[in-house]
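A, B, C and D are the chain letters, set down in written order, and residue numbers restart from 1 in every chain.
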Amino acid sequence: MTIEEVQQEIIADFSAYEDWMDKYTYLIELGNELAPIDDAFKNDQNLIRGCQSRVWLQQKLDGEFLIFEAESDALIVKGLVALLLKVFSGRTPQEILDADPHFIDAIGLRQHLSPTRSNGLMAMVKQIKLYALAYKQISSQKK
Amino acid sequence: MGFNFQDIRKDFPILDQRVNKHPWVYFDNAATAQRPKVVLEKIREFSVITNANIHRGTHDHAIRTTEAYENARDIVKEFLHAEAREEIIFTHGTTESINLVARSFCEKFLTTGDEIIVTEMEHHANIVPWQMACERHQATLKVLPFSDKGELRMELLETLITKRTKIIAVAHVSNTLGTVNPIEEIIQIAHSHNIPVLIDGAQSVPHASIDVQKLDCDFYAFSGHKIYGPTGIGILYGKRSLLEVMPPFLGGGEMIDQVTFKKTTYNELPHKFEAGTPHYVGAIALGSAIQYVQNIGLDKIAAYEHQLLNYATNQMKALGDLQIFGESPAKTGVICFKLDQIHPFDLGTLLDQLGIAVRTGRLCADPVMDHYQVTAMTRASFAFYNSEEEIDLFIKALQRIRSMF
Amino acid sequence: MGFNFQDIRKDFPILDQRVNKHPWVYFDNAATAQRPKVVLEKIREFSVITNANIHRGTHDHAIRTTEAYENARDIVKEFLHAEAREEIIFTHGTTESINLVARSFCEKFLTTGDEIIVTEMEHHANIVPWQMACERHQATLKVLPFSDKGELRMELLETLITKRTKIIAVAHVSNTLGTVNPIEEIIQIAHSHNIPVLIDGAQSVPHASIDVQKLDCDFYAFSGHKIYGPTGIGILYGKRSLLEVMPPFLGGGEMIDQVTFKKTTYNELPHKFEAGTPHYVGAIALGSAIQYVQNIGLDKIAAYEHQLLNYATNQMKALGDLQIFGESPAKTGVICFKLDQIHPFDLGTLLDQLGIAVRTGRLCADPVMDHYQVTAMTRASFAFYNSEEEIDLFIKALQRIRSMF
Amino acid sequence: MTIEEVQQEIIADFSAYEDWMDKYTYLIELGNELAPIDDAFKNDQNLIRGCQSRVWLQQKLDGEFLIFEAESDALIVKGLVALLLKVFSGRTPQEILDADPHFIDAIGLRQHLSPTRSNGLMAMVKQIKLYALAYKQISSQKK
């Protein structure tokens, strides 16, 4: 599935819930299902600091694809992190750079990504893009 | 309850709204209070009917605005029971008030090797300015700890005081634990060593009547926006004898007597510490806010809020697996807590979905977080316009949220 | 005139009143401007509809207030044409903005024997903070004089600059002489010596559009209440590279990253310089005020005010025995003058009797008074909501008052 | 005439003027008529500083009576000074201490004496009272 297809799928999933509390219940579920990352990677270097919740982000290259793992100490944030991973993990740097996570807006969770929010999600997206840019430059130098 | 609750709600039309389809329950009063109609009316009056820059004006609007501004100072003076109006300085909030003292007092009195004492339960506003002053003057910050119950370990105070202690800064009421600190005793002990005391009154003035002369504190700071007044205005009370000898804080218009490039002399109190155009609209409206709570009666407010605190505490404890941080018997309507293992961010987000506004996070009190080894807390804080019915909604919401995890 | 005057007057209902039985003529705009309805509407909105303390909030009102506050920062950023929003600091006014720099910049960069240059026509707000800084750091304040015509003696600037010059602080527009100073040239000269420049924009932003990147100034300060916004709010623009290395000014909430008693780290820009609860209502309403003047168009405002200035100047000169202080061709709508031998206090008092508000006194510019060897001046200053008819009333009033002496 | 009688006379004088501008014209007249004080006495010691206008106040004892001379650089203030001298000069310290210059209020010039005004008049009245107190104490010590 392309990034866009994944986003559409998420939007469809969420459209099943009319009530906000149900959306959050689903997010919490997603958060609970997300595989925890190894405690060893929950270090300062991987920490994306929001004022309220913390997000740890970890990346590695698998062939031409960038694999991300992430976790948060707040479950709702973790649910959102799971969605972002679905969209961004396992993509090429170029795909990541071209993508706009518009699904967040579409499912009505825009406020969680606004620059004035302090849950670290905005910073996580930025960080993912930065990694993508870095890998893209490295691989173009290799050629 | 000693006052007509329905009438009071009418003074706060903002409270009558729905948020996320639920009736709005505002339990974030310790962060900022809502403003009654009279305050907004006053702001309107000094924008639409009368407005001119104050002091030195020879024209009608300037004279009227100046009189209203100076009248607000008198209101604050009476409110705090200060000895003289010259002891009331308009600042922009508690934070600026404390910074003023941390700069000016320390410039005059703090030298290498001196010491300042604060407590472990202070708001950052009553820690960082002193840390910065200590850094500038090579002095040391010492900390009076609190017990897990949330009470200052008073038995340690004397052991912290030395000949080098220059000032003690302590909150009247903690913004996280709600504890009403024994400031009379602290002031007495400090004064027996000739040490002045600054009281951070941000969380106390909205809930209790204050008599700075009886307390005999040397400085008292508070914010307008927490006592139902506007943002951007605050108060520093200081004993005249100290304010007189402290150097000015900010330089500019109004705080000077005469300016030449050779030598500038400073104006008398209180103007010496009020540089530039003050937030005169804010000051005048703060006067209205204070008169508003005085009309209701601070004793009545305190009694009612205490009732809310007890009601909420009992209901919350009945939930089980709910930890309350701060259980001093002397406590205002501030409850920091932890529900199960739910992260405060999640709890705050979901409460908001149910129309309930609480504050979550580190609450500008990192040392308190560290004390209890948590990364964040959830805080519900009450004002006299809140009700037991609202607490019931809050409790129901907690139960519902708990079931989601 | 490029805009509909009648419509504009409707935005300022305060102007439609009688003072001392005469139609009120407000010519004290340089002291503080009146606020259009939209500004008051915004204040009302963030008191009656939405209100919560900003930042770190997880609830609806906190989020909306925070967004409005940060949006106001973006409005200011666009208005000043700054490169980044991090370079826009909310302060409480020009005076605080300049004091912030005088404290923080000087703490970092000023050492014994260094020098600071200001001009002879500065407002006290741009003199006293530097004098205080010089005193703290044993540095010297040097002064660029102005000619009797009211123009900076630019030929002397290079002679004042030495290797020890650490900063130059100058008004964009003088609050007494009305002179628009050649700040581009000053900045160029200063930068050729690697000296940063602070511009006091209190009297310029209401009357001209500003591009801090084109100007290449290092700091730019102004006040909300002079640009039709609320009191208690102001702006400091600073180049990021400088703000980054300057130590914080005030300590407290929001400006920190992490606080422990051992070590406190500071937040990123712009928060590093915004300690405590900001005057968020004021900041949001300032955003509205700026949008209001942008909608009218600052170029149109400037052109119209210039027309008023010329009209008034010609009428006043025709009175004979009237001395105008400041006759630079580059001038805004500010006229300081002396009529016959009439004392400004008398003149101001009698003008007020005739409904006309002017400012009299030393105008927070003692060195300007000393330059012209007067003890006080009378100042009429115009805004775009003033008219030639009002100037006619003013001239008639001057004639009538003259006949009384 | 007693202090009270003088005050009543001033109030009567002013009641003749309906228009404010006439009142001020009369004050300016009074100011112009006031005998200037010797330049030698216009020193810092005698200066009462207001922000806008300056008042110089000079006193001496004539038998049991306190004689004041004063001047201001602003004519309206000088007119008010003339009125205050009419009321207070040539009185015993006790008379001065007992007196309240209520006429200012009665003729509608209260605002000129308010503590927020910076014309120095309020300070002048204070200073006159202080002198009276000082002389009273000195003379009671002599007895």
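Rule of thumb we're sticking to: a residue touches a chain if its C-beta (ideal position, glycine included) is under 8 Å from a C-beta of that chain, and two chains touch if they have at least 3 such contacts.
A quick note: this is a predicted structure, and the numbers were derived from the prediction, not measured.
**Q** Check every other chain and keep only those touching both chain C and chain D; list them.
**A** Chains in contact with chain C as well as chain D: B.
**Q** Farthest from chain C by Cα centre, which chain is it? Let me know.
**A** A
**Q** State, to the nearest whole Å, the distance from the C-alpha centre of chain A to the C-alpha centre of chain D.
**A** 79
**Q** What is the distance, in whole Å, between the centres of chain B and chain C, each centre taken as the mean of its C-alpha atoms?
**A** Result: the chain centres lie 30 Å from each other.
**Q** Please tell me the distance, in whole Å, between the geometric centres of chain A and chain B computed from their C-alpha atoms.
**A** One centre to the other, that is 39 Å.
**Q** Which integer distance in Å separates the CA centroid of chain A from that of chain C?
**A** 45
**Q** Multi-chain contacts only, two chains or more: what residues does chain D have there?
**A** Residues 51-52, 118 of chain D touch two or more partner chains.
**Q** What are the residue numbers in chain C that touch two or more other chains?
**A** In chain C, the residues touching two or more other chains are 20, 56, 58, 345, 348-349, 360-362.
**Q** Using the touch rule from the top of the page, what pairs of chains touch, sorted by label?
**A** So, checking each combination of chains, I get A-B, A-C, B-C, B-D, C-D as the touching pairs.
**Q** Which stretch or stretches of chain D touch chain C in the complex?
**A** Checking each residue of chain D against chain C gives 20-21, 24-25, 28, 51-54, 73-77, 118-119.
**Q** Along chain B, where are the residues that touch chain D in the complex?
**A** Touch residues, chain B against chain D: 55-56, 58, 63, 66-67, 70.
**Q** Show me the residue ranges of chain A that touch chain C in the complex, using the header's touch definition.
**A** By the definition above, chain A touches chain C via 51-52, 111, 114-118.
**Q** How about chain B: which of its residues touch chain C in the complex?
**A** That would be residues 13-14, 17, 19-20, 26, 28, 31-32, 34-35, 39-40, 43-44, 47-53, 56-62, 92-96, 98-99, 102, 107, 123-125, 127-132, 136, 141, 143, 223, 225, 230-233, 247-248, 250-256, 258-261, 264, 275-282, 345, 348-349, 351-352, 356-362, 364, 366-367, 370 of chain B.
**Q** Help me check something: in the complex, which residues belonging to chain B touch chain A?
**A** 20, 342-346, 348-350, 353-354, 360-362, 375-376, 400, 404-405
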